[in-house]
Each structure stands twice: as C-alpha cells, then as structure tokens.
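Provided herewith is a single structure, encoded as structure tokens, for subsequent inquiry.
Going in written order, the chains are labelled A, B, C, D and E, and every chain counts its residues from 1.
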Amino acid sequence: MNLAKVIGTVWATQKHPELTGAKLQIVQPMDHLEQNVGSPIVAVDTAGAGPGETVYFVSAREATIPYPADLAPIDAAIVGIVDRIDVFSK
Amino acid sequence: MNLAKVIGTVWATQKHPELTGAKLQIVQPMDHLEQNVGSPIVAVDTAGAGPGETVYFVSAREATIPYPADLAPIDAAIVGIVDRIDVFSK
Amino acid sequence: MNLAKVIGTVWATQKHPELTGAKLQIVQPMDHLEQNVGSPIVAVDTAGAGPGETVYFVSAREATIPYPADLAPIDAAIVGIVDRIDVFSK
Amino acid sequence: MNLAKVIGTVWATQKHPELTGAKLQIVQPMDHLEQNVGSPIVAVDTAGAGPGETVYFVSAREATIPYPADLAPIDAAIVGIVDRIDVFSK
Amino acid sequence: MNLAKVIGTVWATQKHPELTGAKLQIVQPMDHLEQNVGSPIVAVDTAGAGPGETVYFVSAREATIPYPADLAPIDAAIVGIVDRIDVFSK
C-alpha cells in the first residue's frame, strides 16, 4: 500500500456502469515523511476520506476487493485513513 | 486510475482475434493539472472518447473488465470521460 | 498496451516446459512518435512479428491470455502488428 | 520479491474491515548492498518483523496470499526475515 | 519477461511456509546488451540457474505459475537460462 493525501475530486458522467456512484478522489502519493512521491492518481474512495486527509490506498487488481461490485474496472482504492505514522529512530 | 488525454489512434489488421473491432486509442497520461506524466500508451476505448478529450483509464488486469470478450489480451482501457476536476485549496 | 519495435530474439533451451516452442522476441518499447521509452524487454510473440516491425504488446498477467497453454509463466506478449499510427493535430 | 528494512508503523482505526488486526509496517526497499531503492511503502507484516530488521516482501496481487482473509485489499506483504545475503564474487 | 544475471543468494529461515525449500536468487535485471537496468530483485529460481548465469524471469502474479505450491507468495521467478541473444542489425 502507499500513503497519500487527498487533493481533489474527478467528476465524470459518461463512464462504465459499474462505476456509477463511485467517488473518485485525486490522491498525491507520499512517503512516511509526507514528501510527495510521483504524480497524483485517481482512486475510488471506500473509506470516506475528506479533503486533505492522509490515507493509504491499494493499487492494481486488489483495488476491486473493497468495492461492492464484483468486477468494477478499478485499479486504485483508498482503504484506510491514517491516524498516526511512527518512524523508528535508528 | 490515471487521467489522460486522447492524442491518437493505432491501426492494426494483424492482431489477436479477441481484439477485432476494438478501438485502440493513444492516450497521454497526465496529472490533475493536465501536465503530461510519462509516455503515451495504447488503451482500448470502452467509453467512446474522441480526439483531445480528457479521460481516465484503468491499467493491468482489470482493464479486461469493461471489455465484452472474457479473456481479451488488454492491459489498459478508457473507462470514463472527465467532465470536471476539482483541486482542493489548501 | 505499449508500442514497440522488434529488435532481437532470445534463445534458451533450458526453460519452463510450458514455454517450449514459444518464440521470445526482444522488443524496444516506444511512444507514438517512435521514440524509445525505457529498456527492451522479452515478449512471447503470438502475432508472427518479424525483425524491425512495429508491434503492440500487453504486459503482466493478461499476457498469458493469447498463449495456448493455460498457465504459462509469461508476463509480456506481442498481440498485434501496427499498420499505421494517427496522431491528432491539436 | 524485494529486500527492505522495517523503518516504521502506520496506525489507522478507520479502515476496510478485512484489515482489522493487520500490522502495517513502513518498509524502505533496498538492494542487496543495503542501499535504499525508491520510496518507502506500507506492507502488511505476516512474518513478525521488528524495527530495523531486513526483510523481503511481495507486492501486487500475490500479497494477499500469506494473509488469512481471502480477499483483503492488500498489495504488499512482508513474507520473510533475511538472515544473510551472499553476493557472488565475479 | 526480463533478462537478468544471477548475482547472489538470500538466506531466510523465518518465512512463509509455502516458501520452504525455495531457492531465492538475487538477480540484476539487464537489457539485451547486458547493461544493468534498475536495481537487483529477489527471484525464486525454478530453472536451476547458477552464479553469473544469464536468465530471464517473470514478475508479478504469473511468477507463481512455475512454482509447485498453488498459492505461494512469490512475485518474481527465474523461468529460463539464456543460451544466446541475437540482436537484429538495422
């Protein structure tokens, strides 16, 4: 999984029927120090995340698992909202 | 999923039978600010997207889901046409 | 899918039994303007592509779909030979 | 699989039900010479790894395999703790 | 698939039960000209490759296919030993 921050929303009326009602959030992947990593992607939100929240998301095939429809064309899904990140001191 | 712009089409007569009739669009992945990210790829169009339209696509195995054939050799598919992108102000 | 040019062949006698008879082509991924993208990979050829031809290939799990054996250890397969690439004028 | 070092932990109370009880470790991928490779990711720990230990993890769909729940939304899992790395002299 | 050279071995006693007896090789991915590409990864060896040999490996989900156990947590497997690489002259 990767950490990310919710930075926006995508609106699309013309889409695959299985995606009707899905909330599409734009998330900026980041590391454990909250530094951005790569470019933002679009993820289905299954955890009820709000703007600016830190979340973690799964990508690829397993992103369909938290989604109610069996075979939705999804490759990224927010699955948890982060409360705290502990980094071990070396 | 990733955002992208439709920038071209690929024509291929000699191909896997399951791909007969599939429309192969060249899409340029981009971020939420419409900046290009990486190189263009070839995606099957299941949403009826036209030249220059902003879309979002799924990649890897789940790209076969929106396609009518059960086991088509597809690893990228356009699944929605974007109406609007909202970026949260910080 | 990605566009690529066929640039070589790999010969291997000692290999997984399901790969017996598979033709392993070296393909150089490229973009729609025929510029190289990343490093060459090895793909099973299911389209009968020849040296120097422009093809498109699928990667990851769906690469096993065009291959006759059910569970061959394959993660890239050439599935079509490109006739023409149209790039939309902006 | 990739080698990594366990560098932290993620805490999240609001998450997908299948992830309840899962230990989410932050791991820094590294090469065989223990040099960092890319950015840290979040992996479910199925091997009981502690802070600072060298582990190897699987990613993508097969990360759900070592996890007890059938269809957990997981895309990275620690599956072993490394005792020793031998590098062949050339 | 990708070409690689076998450069080392990983030893781990504490690991997922399905991996008992699996030989974990460190492989350095390379291109058709034997130039290194990216960082070494850990792959299960199903082809009996020795130190310094040139091999090709599959990655992601299909890496479990050559492995005897049904659902081993594996995402990279050596599936062939390369005899010869032919690069077409342009």
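Here is the rule we go by: contacts are C-beta pairs under 8 Å (C-beta built on N, C-alpha and C of every residue); 3 or more make two chains touch, one makes a residue touch a chain.
Since we're looking at a predicted model, the values are computed, not measured.
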{"item": "Contact-graph distance - origin subunit A, target subunit C", "value": "2"}
{"item": "Rounded Å distance, subunit C centre to subunit E centre (Cα mean)", "value": "19"}
{"item": "Distance from the mean Cα position of subunit E to that of subunit A, given in whole angstrom", "value": "31"}
{"item": "Per-residue multi-chain contacts in subunit B, two or more chains", "value": "60-61, 63"}
{"item": "Running round the ring (origin subunit D, first step to subunit E), the chains in order", "value": "D, E, C, B, A"}
{"item": "Residue ranges of subunit E in contact with subunit C within the complex", "value": "1-3, 31-32, 37, 46-48, 56, 58-63, 65-66, 77, 79-88, 90"}
{"item": "In the complex with subunit A, residue positions of subunit D that touch it", "value": "6-16, 18-19, 24, 26, 39-43, 51-52, 60-61, 63-64, 71-76"}
